[in-house]
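In the two complexes below, subunit A is the common chain; its partner is subunit B in one and subunit C in the other.
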Partner chain A sequence: MADANRTLTQEEQVWRLWDKEEIKDLLNRFAYYTANNDRRRAITELWVAGDENRSTASLGYNNGYYTGLDNIIAHYVVDAEARGFEALSAYSGVAQTEDNLGYGCSFVHTMNTPYIEVAGNGRTAKYIGYDCGLSCIGSPDGSSDSNFTFAKVYADLIQEDGVWKIWHLLIAYDHIIPAGISYGDLDPEAPWGADSVERACGDPTVRDVAYDALYGWVDVWERLPRPYYSFDNAKAYTADGKPACYKIGLYK
Partner chain B sequence: MKKQNYSKEDLLTRWEIRREVQNIMGKYSQSYCIKQEGALGQFWSRRDDICLGLNNGWYVGQEAVLGYYAAIDAETALASRLIAARFPEKLAGKTEEELFGVGQISYRPIDTQVVEVADDLQSAKGLWVVRGLVEWVTTAGPVSFWDFSYWAVDFILEDGAWKILHMLDLHEIDKRQGLGLTDAEPALPEDPAFAEMASVTYPAPTVPCVLRETYRADRAFTPSPRLPEPYRTLDETFSYGMEGGAWNG
Partner chain C sequence: MIYQNLSFEQRLHNAIGAQEIEQVKAWHAYTHGMGYSKEEWDAIWYRGEDVTWAHFFGRMVGWDEVWYGSVVNPEEGYYERYCSHILNYKGASYFDARSVGCTALHCLASGVIEVAEDGMTGRSCYLTPGTMMARMSPNKRRNGGFLWERYGSDFAYDTEDGKWYYFHEHVCPDIGSEYGTKNWAMEMYDQAVTGRSPFGPPPEEAEGPGGPGEGPGVPEGGEGHGGAPGGFRPKKPKGTMGGPPCTDPGPLHNNASMTQTVQNTVPWPEPYKTLDDQNSYAPGHNDITKRYSALKSIVKGGVRL
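Coming up: the complex of A and B.
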């Protein structure tokens, strides 16, 4: 651990400063690419590409984790495209082509309030941000299923050839709330829109309670990035990284 | 860009430019919040080819861009006077300056920035999401709207200071609160105290055109403006100006 106490050179300190800029840029681009239906590009440009990192890549939601980049692509790209065609099929007068995917839809994703810790050894980093977004699926009658979406976004980043890449991502929805309704009418046992969350999360490779919005106050504290020297799988934003919510029995 | 290819001095210079242009847009956003839209001209270049793109077209040149901000300012002044008259028990005795912006808010916070600085360090580009709420004083009185927008900006270095050359301010959602995002907006009962708001007009864009339609259930999918990419000089990349074609992906 002698390296852990080493004073960084000036050049290394500047790189750390720049690392945080690159990591914010990486996650922000992920938000735009996702909202723009540029999902293949997001995988190609922003996610890990090395064989070992691909196999350990993870995309988590409230209800579990997609593990390995192939499963992530199947959900994040292929299933999303299938859902897009399903939504498009309602519009019989619109050509059912890839160019028309997203017709009648609006998606906005954001990344705000970023907090980043770069590992002491500089090889990985941990990130938390917040996505206050929008998801609207239209219908031919002019109406839409319009929702405000609120999710914490946790990420483990890793450098490949000196470039930061998304390795593990955990999107923990707090709420998916319809626009234009009285919030007093929501189910008090599931005010966050449990059905909408389940639809957004799909059917992950590893089914687990990765996040329960009822206990967000515990989860955030446990999962906040903290200064660290090297990556620890037990604290990863993956199925292996269990916060205290499990240990004290909140997550079942 | 790979940081390993740059000296620490170069990286710090670029970091400071990124910080500076983000600060400019932070101040731009805060100016909305405190109803000082009339002061937004200070963030712009003095060049006469500046342009501001809104959903309904381009404001081109100093006179048009500053005229647009002046129109917001005039609307704020009128609304302030009418609110003061409507609530005399709370607002009597205050000066016109103290009343300016009373009862109004244009909360347009920004996040999700993607910024690129040119290799020649003479320009920069940025894209942001606005996720706010705006309260307009209408002939029915104050009414609140959801605001989801994109800000896409070209900056240039002018006499040692970073200034806006082109800006897109494009609404994706501009919808009265309390309604679904594709619901019709039923008329609200008129309040005679605010009837004078019907006189508010805005100068037409220099080049009227549809840069972006706000969300509807029969709208083609409309992505964000194009994301900034690494580039050498402003002449060698796309722009967020009229000729740039970057307002729609």
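Coming up: the complex of A and C.
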């Protein structure tokens, strides 16, 4: 506890400044890599690599969590590649190669409004940001499945060899608004999986209500990063860190 | 040149200040988005006579006026919305009354931040491409709106607790419409032709935005659309342009229109020595020493530590 209340030295203050800027960069890079379909590179360069951290890594969406880096890779890289080839197959005149994945598609992710807390012991950090994005999949007949996407992004970061890495990531979609259709015409209580963006989140390792967009931001007060000294699994952005609002009667 | 003679310690203080200002802005965005007005304003605002909050309809001056206009005034709308939600969506009653159904965010982009040479204040300007959306609504339809605004904000450094706090905020709404099928350009043309203003109708007409909170527009003085189910709503004090009462009345900014020229209502901050009328988003209200000695925190627990 004495450490928790210790005043940082000037050098430590400088490192904390640097840490927060590095963390912003890290999540921003993840947005770029995903938009560019550089998914293998995102895993290799941005996610945890150590054995213990790989086993406890997590990628979550509204409908649950992929746990362990192998399961994350299977979903985020392998399944995404399969979907890409499926979309590419509609273009008979285009070579069905990895270089042409994303033909006729456009995916954009932005990370804005970051709020970060670095642990008192400097080893982990918690992040929330907002992703205003686009998901557009075109077809040879000129039609497209185009959506504006809006999601909160929560992340637990951890240092490995002095470099910040993504350890746990939770992408909680608020809205997926189809272009050219009045959003008000969609069923407000439509079940998860009603559109291609939600379906692309797949079938997680741990199926759970990580975020229920219908009821909105009832989870944010619990999940908003707060000053803390050391990592607490009960507050992680994982299945173990489920906020109390999703343990009550409606979800029992 | 400004900043040239600062010591390492002073530069470090100012660098931390700039980053803390980003944090304060983000804290505002998220707590406002979830309808937690008390927690938001209590945690991140300075207490003082020159504290201000401004919108197109005017500028509230002094902590008491700002607290009434920003917390007390709009909260009624949140609970009214909750009453509607629990009637329309069976699960809504399980959740927090203020945040259930909220998913709107005044996103923060393109920030420019300067901390004064004297290290006692900071200034920021942001564009906010806001998402004004909800899956739940009184008419049981999803809402997919956007609202683009600009923020000009001044901050004060509290030497007692070493934290940075909001001192002035000036919100400038530029344009709002809906994603999906709305033709906002045609909307603006229609408004120019019919003479109807998109923001801030006179008080005697239908109420406009409910002040600095998200505040859905609701009629007053009786039952009916937007009123509490089966209830009567008393008339609330209003400013001359709608919205809560303001010491400095508006208009302070105009919405985008077919004829509106470029406005630079909240110019981005330049390097500066100290908060003064030439470097302030609320000229005439720059004395950070005029602070209250009242309770620093009204809301105990759960606020920014």
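Keep in mind that, in the parts below, the second predicted complex is superposed on the first by the 239 of 252 C-alpha atoms of A that agree within 3 Å, B and C clash if a C-alpha of one lies under 4 Å from a C-alpha of the other, contacts with A are read in each partner's own complex, and residues count from 1 in each chain.
Following the convention adopted for this analysis, contacts are C-beta pairs under 8 Å (C-beta built on N, C-alpha and C of every residue); 3 or more make two chains touch, one makes a residue touch a chain.
Here the structure is a predicted model, which means the values were calculated and not measured.
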**OP:** Quick one: classify A:Phe231 as touching subunit B (first), subunit C (second), both or neither.
**Re:** neither
**OP:** Have a look at where A:Ser144 lands relative to subunit B and subunit C in the superposition and call it first, second, both or neither.
**Re:** first
**OP:** For A:Pro178, select first, second, both or neither according to whether it touches subunit B, subunit C, the two together, or no partner.
**Re:** both
Original post:
Of the partners subunit B and subunit C, which touch A:Leu186 in the superposed model: first, second, both, neither?
Top reply: second
Original post:
Is A:Asn36 in contact with subunit B, with subunit C, with both, or with neither (first, second, both, neither)?
Top reply: first
Original post:
After superposition on the shared chain, which partner residues are touched by A:Cys132: those of subunit B (first), subunit C (second), both, or neither?
Top reply: both
Original post:
A:Asn112 contacts which: subunit B (first), subunit C (second), both, neither?
Top reply: both
Original post:
Looking at the overlay, does A:Gln10 come into contact with subunit B only (first), subunit C only (second), both, or neither?
Top reply: both
**OP:** Report for A:Ala213: first if it touches subunit B alone, second if subunit C alone, otherwise both or neither.
**Re:** second
Original post:
For subunit A, which residues belong to both interfaces, subunit B and subunit C?
Top reply: 10, 14, 17, 21, 112-113, 132, 178-181
Original post:
Which bits of subunit C are touching subunit A when the two form their complex?
Top reply: 8-9, 12, 15-16, 19, 22-23, 26-27, 29-31, 33-34, 36, 39, 89, 91-92, 94-96, 99-103, 105, 107-109, 129, 131, 133-137, 140-144, 178-181, 302, 304-305
**OP:** Spell out the part of subunit B that touches subunit A in their complex, as residue ranges.
**Re:** 2-4, 8, 11-12, 15, 18, 111-115, 127, 129, 131, 146, 148, 172-173, 175, 178-183, 215-224, 227, 249
Original post:
In their complex, what parts of subunit A are in touch with subunit C?
Top reply: 10, 13-14, 17, 20-21, 112-116, 128, 130, 132, 148, 150, 174-175, 177-186, 188-189, 213-218, 220-221, 224, 226-227, 245, 248-250
**OP:** Mind listing the subunit A positions that touch subunit B in their complex?
**Re:** 10-11, 14-15, 17-19, 21-22, 24-25, 28-29, 31-32, 35-38, 100-106, 108-113, 132, 134, 136, 138-144, 146, 162-163, 178-181
